[in-house]
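Below are structures written as structure tokens.
Below, chain A partners chain B and then partners chain C, in two separate complexes.
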Partner chain A sequence: MRDLNEADIEALAIGAAILGTGGGGSPYIAKLRCQQALRRGERIRLIALEELDDDSLVMTLGGIGAPTVSIEKLAEGGEGLRALRAQEAFAGRQVTALMSSEIGGGNALEPMITAAAADLPVVDADGCGRAFPEMQMTTTSIYGHHSTPAALADEHGNVVLFQKAVSEVWYERLARSCVVTMGGSATGAEAPMSGRHAKRAAVPATVSQAINIGRLVLRANREHVSAIPLICAEEAGVHLIDAKIVDLKRHLRGGFAVGEIALEGIGAHAGSRASVVFQNEFLTFERDGTVEVCVPDLIVILDVDTGHAISTDLLRYGQRVAILALPCHDLLRTPEALAVVGPRAFGLEGTEFRPLPPRPVPVQSLSILPEESP
Partner chain B sequence: MIRIGIDVGGTNTDAVVMDGRDIRAVVKVPTSADVTAGLMAALSEVLASAAIAPTDVGLVVIGTTHFTNAVIERRHLSPTAVVRLCLPAGQCLPPMVDWPADLHEAVGNHVYLTTGGAEFDGSPISPLDLPDLQRIGQDIRHKGLGAIAISGIFSPVRDEFEREAAAILRDAVPGATITVSSAMGQLGLMERESATILNSSLHALARRTVASLREGVARCGLTCPVFLSQNDGTLLDAEAARQFPVLTFASGPTNSMRGAAFLSGLQEAIVVDIGGTTTDIGLLSKGFPRQATTTVEVGGVRTNFRMPDVFSIGLGGGSVVTDRGTRTDVGPVSVGYRLTGEALVFGGRTLTATDIAVAAGWADIGDAACVRGLDRGLVERCGNVIAQRLADAVDRCRLSPEPIPVVAVGGGSILMPERLAGLEVRRPAHFAAANAIGAAIAQVSGEVDRICSLEAMTREAALAEAEAGARDKAIAAGALPDSIVVTEREDVPLAYLRGNATRVRVKVVGDRVF
Partner chain C sequence: MRDLNEADIEALAIGAAILGTGGGGSPYIAKLRCQQALRRGERIRLIALEELDDDSLVMTLGGIGAPTVSIEKLAEGGEGLRALRAQEAFAGRQVTALMSSEIGGGNALEPMITAAAADLPVVDADGCGRAFPEMQMTTTSIYGHHSTPAALADEHGNVVLFQKAVSEVWYERLARSCVVTMGGSATGAEAPMSGRHAKRAAVPATVSQAINIGRLVLRANREHVSAIPLICAEEAGVHLIDAKIVDLKRHLRGGFAVGEIALEGIGAHAGSRASVVFQNEFLTFERDGTVEVCVPDLIVILDVDTGHAISTDLLRYGQRVAILALPCHDLLRTPEALAVVGPRAFGLEGTEFRPLPPRPVPVQSLSILPEESP
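After this line comes the complex of A and B, so read on.
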């Protein structure tokens, strides 16, 4: 267990945006809320998966809804706590720790706000190791956990409990329509799982991983060097290309509304052309007619100068970007996982998932880089 | 019509007299601490230079960085009460939570959260609590605050809550100036609210400044209308400038880019405006500055203004040269307005970029004899550093490998080489006064913002009708019909109203008939 401070949260927001692979929503508001909690004297404590008892109760919690609503209708503040208490009342048991369902984007930080208020620890793990667009696309769900009973809370004090949905897809549909009625954004808490299941099915050490990525970007900015080689070295990543966006179009492909970015190499990559297909997140990277990287491996687009993530809504013509590929966790590479989060699940028929070489050393829980360079 | 464009910068004030498309006179005088005196000096000098009578002038347009600088330097800001209509939502982060501490301190922490505000479809989050607003008004009055900012959740979709709250506070706090966030633009509560607070805190300064500018113009014997230039390069009348000083925040870069387009006759170009301390680089597309798509920071505060996509590097005529053995650098430190005292060519002791330009034979300024003894190798290395930094900056702006001309403007553009990264460089006549020329050629706009029912008409027809209305307004304000283009067009469905109601907003701009 270790306490996170404001600087850790700053780094986490940067790293979470990078692991969002273009999606996941901006962590900006959640970051400010975590920092406010720390200034009030609340604690944000990070606990390793290994530290959890098998019989402990771990609950995922986060924001649900449209990002355009959440930047306008800021939360009341107690939504997460009310969802947590509703779950505990229904289960008749206290929750031991909270966890993020996706480390990519704003929901990396959402559980910390509620955990700080309830004085619970947050698990150094999540359900994706990146960001995915739908609720059933989590490792905890893929490996047998059901999201219901689930609770949704709004700013007025309404709490809606979904006692049982017959499938994850049904829960997704029920929750979405409830969120619209709640004004387009709400806080959701999914069914608590056992510590045993979390240890088996959650992607480990991803909070540490995101903080470390953020640390490297901040360090690079401070020392006026490029963050890209630092991130690649830390993450066993591949620096695919430095490029300029020369076209950006959105169209239908296999029944899905997708976007495509045309890229032209710059600097050492001058003369080469590539493209990236995205839905909510970046799905494939293609060069010379060959798909070199595809989902669930991570395709990350960074500002070539600052090393900060560029999300799909901020992409624009003429931007100079660095594109990296980072290997996803082995939990996303099994046949069961690929059926839910592989290329076919995104309508990319004919694209085979050819995994990147895995990272040689897994991230260690709670192994956070020091704030200053050594 | 004869008109005068004036750019009041931090260091110099430039003024031009234009008659139609002809530039009749250009002058540059040092900016003075006394706004009226500085303006009068520039006006009388440019009138004399053009040999025209004050009464011949039909229009004065002033571009000023006064209000941006006040925010950046945290000066002349009024303590401001902030009333957010949001409860029970919106409590998790108070207003100004992400502001730099010194700016927050300058504006004070007079924050009130109360009920009101709308959902995304315009339905109320909660009704306004009138007694609570009365109590807030009394408290503001008791504290003696003269500036109020009101922000309501989803007010760009439905602004009644803000308007009603403003009416109550106007009665409760006589004489207070009030800005409502729906007048400040788009969705994104924190950014819109921050812009609203900055606007309110600048009210007192705006009132004084606009009065000083009007007085300076009148005391020079001019009887014509006075306008300020705003972020999108259009005219802002003096009364609107008093109410919305933040709308002038980006007028500097906008004027210099529009002036560069006018002087060079180019519609597509990269404009490099080299000043004393910094260089601003932006892209001109169809004669207009390309707009930024992300949040723009002003004085460390995130806002969501529409502003030109301009980025700055720390290189200008006053940039100081550092030479440490293997590493030669120019800037970012600059002697700024002290250039005429500190540069070698002016008899000073600091080696600056201007000295390099003179030593290299690019320009003839001051006394060239003062730099004759400089090491040729050093001059060459500095020249390469300057060219490389400008080339990198220009390359960042290019959208395609197709060649695009580079237009160099601003007093420091003597630093610009003849060719840059293989691109042709143009340095048009009067390049140093591009800002003032941009102000003089400011366009006029017309805007329609109304709620229509889409039961009897299609969305396309509603937009077309609004566009026609906006065009009529622009033409009435003096726009040439053929020059009018649509700059903003949006429709927001208002599900809370019956009859398929939609808010339709269209803004057009056009060149003035001169």
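After this line comes the complex of A and C, so read on.
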């Protein structure tokens, strides 16, 4: 267990945006709220998966809805706590710890706001190791946890309990329709899972991982060097291309931001042509007619100068970007997982998942780089 | 308390369709299911409001969704029972009796299916004395009952609990969006109310009333006479016009069937021109430029030959119809009620509600006409 401070939260927001692979929503508002909680004297405590008792109750909690809405329609503040309390009242049991369902984007920080208010620790792990657009796409669901009964709370005070959904996809559908009615964003809390299941099925140490990525970016900016080789070295990443966006198609379909960007290589990559397809998150990276990287491996687009993530809504014609590929966690590479989060689950029928070489050394829980450069 | 038999159910379906004032959904499937329950040996027991203990728990239960869907997407059968059991489990209390939220249309019969399966009585009353398109439009809500926590069950086995809605309109919105996701129809059970509240706020004796109207139609058909004067005599109704439909505009807007029919008088009414505006139910009857009858009073369109109700989806060009106006219950005529179910609540800004003369003698609970003609 360790306490996170304001600088940790600053770094986490940067790293979470990078692990969002284009989606997951902006961490900006959630970051401010976490920092405000710390200034009020509340604590944000990070607990390692290994520290959890098998019988402890771990609940995922986070924002559901359109990322573009949640940054304009601000939360009232008590949504997460109301969802948590509704869950506890329904189950008649108290939750031991909160966890992020996806470390990518704002939901890396959302559970921390509620955990601070409820004086609960947040687990150093999540259900994706990145961001995914739908709620059945978590390792905790894929490996057998049912998200219902789940609670959904909005800023007005409405609370809906999805008492029983016959599948994770039905939970996604029903919750999504209520979220739309609630104005496009709300806070959901899924049925608590045992510590035993979290240890088996959650992607470990991803809060530490995101903080460390953020630390590298901050350090690179301080030292006026490029963050890109630092991230690649730390994350076993591949620097695919530096390129300029020369075409951009983006539209909303069924509540998702879908589209494609066309790229022309710059610098050492001049002459190459590439493209990236996305559905909330970046799904494929294709170069000269060949798909080189695809979901669930992470495709990350960074500002070539600052190393900060560029999400799909911030893509612009003419932007100069660096594109990285990071290997996803092994939990996302099994046949069960690929059926839910592989290319076919996104309608990419012709695309075969050819995994990137895995990380040689897994991230260690609570192994957060010091605030000043190592 | 009295048992209903198959003939009562047959008459109830006819009368409920008439009290549906064009909406409420077809009672056909629910009628068959009630009759099937009786053949299985289950009982459908009708209990008078006056027989309820003040502290008994009365729950409204019925179909929610588009009437045209519910007749094509058949129920699985256990929806109502699952909604009832979810309510009871959440509240930790057993329900004493079920009640219809609206006597108009299929929801007159829906609670009977579940009540028969659960061996509960059904109250001889409802929340409208007719049909209305939205869930906040019930006398029980208008006079202070909160519908949430409410349960919603579909044919797949999904159960959603609207634990807290900040208003009846929010309950309507959230439930409606889930119903759409569930395929357009589902079964809802609202928070139980006390017997005390039901006695004060529910429209009394409307199951008896609907059965009696149905009996009159059946008797008229048997005796080859017109049902229309019989219904007018029994219900303090006004026979407005016999007419032919000469124009019909009908479309779906926000999930509602909205439109207008133009009519030319026939027989004794030859030379008159009239029109009826509807939103699921008939809202106004206008003749020669003057609105003569409007919501919440009942505008009923009957087949001029058979006396059976014609719902908005069955209106056809060239049809010969009789149009009746029936006075609504006094509970719908207070300022509180008119704010929710008066013409302005339906966007009819220029229309003033001028009530029909009320029924001289209210319907008596459980006072059902004998099956053979009186």
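In the analysis below, the second predicted complex is superposed on the first by the 364 of 374 C-alpha atoms of A that agree within 3 Å, B and C clash if a C-alpha of one lies under 4 Å from a C-alpha of the other, contacts with A are read in each partner's own complex, and residues count from 1 in each chain.
The working rule: a residue touches a chain if its C-beta (ideal position, glycine included) is under 8 Å from a C-beta of that chain, and two chains touch if they have at least 3 such contacts.
Just so we're clear, the structure is a prediction, and the values are computed from it rather than from any experiment.
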Just chain B (first), just chain C (second), both, or neither: which does A:Ser177 touch? second
Contacts of A:Val160 with chain B and chain C, given as first, second, both or neither: second
Have a look at where A:Gln36 lands relative to chain B and chain C in the superposition and call it first, second, both or neither. first
State whether A:Met1 touches chain B only (first), chain C only (second), both chains, or neither. neither
Based on the superposed arrangement, let me know which partner A:Ala86 touches: chain B (first), chain C (second), both, or neither? second
Once the structures are superposed on A, label A:Ala75 by its partner contacts, choosing first (chain B), second (chain C), both or neither. first
Intersected contact list for chain A, partners chain B and chain C 156-157
Taking the touch rule as given, give the residues of chain B at its contact with chain A in the complex, in rising order. 86, 88-93, 97-98, 117, 119-120, 125, 153-154, 187-190, 293-294, 396-401
Residue positions on chain C within touch of chain A in the complex are 86, 90, 151, 156-166, 170, 173-174, 176-178, 180-182
Chain A residues within the chain B interface of the complex: 29, 32-33, 36, 66, 68-69, 71-77, 113, 155-157, 183-184, 246, 264, 314, 316-318, 320
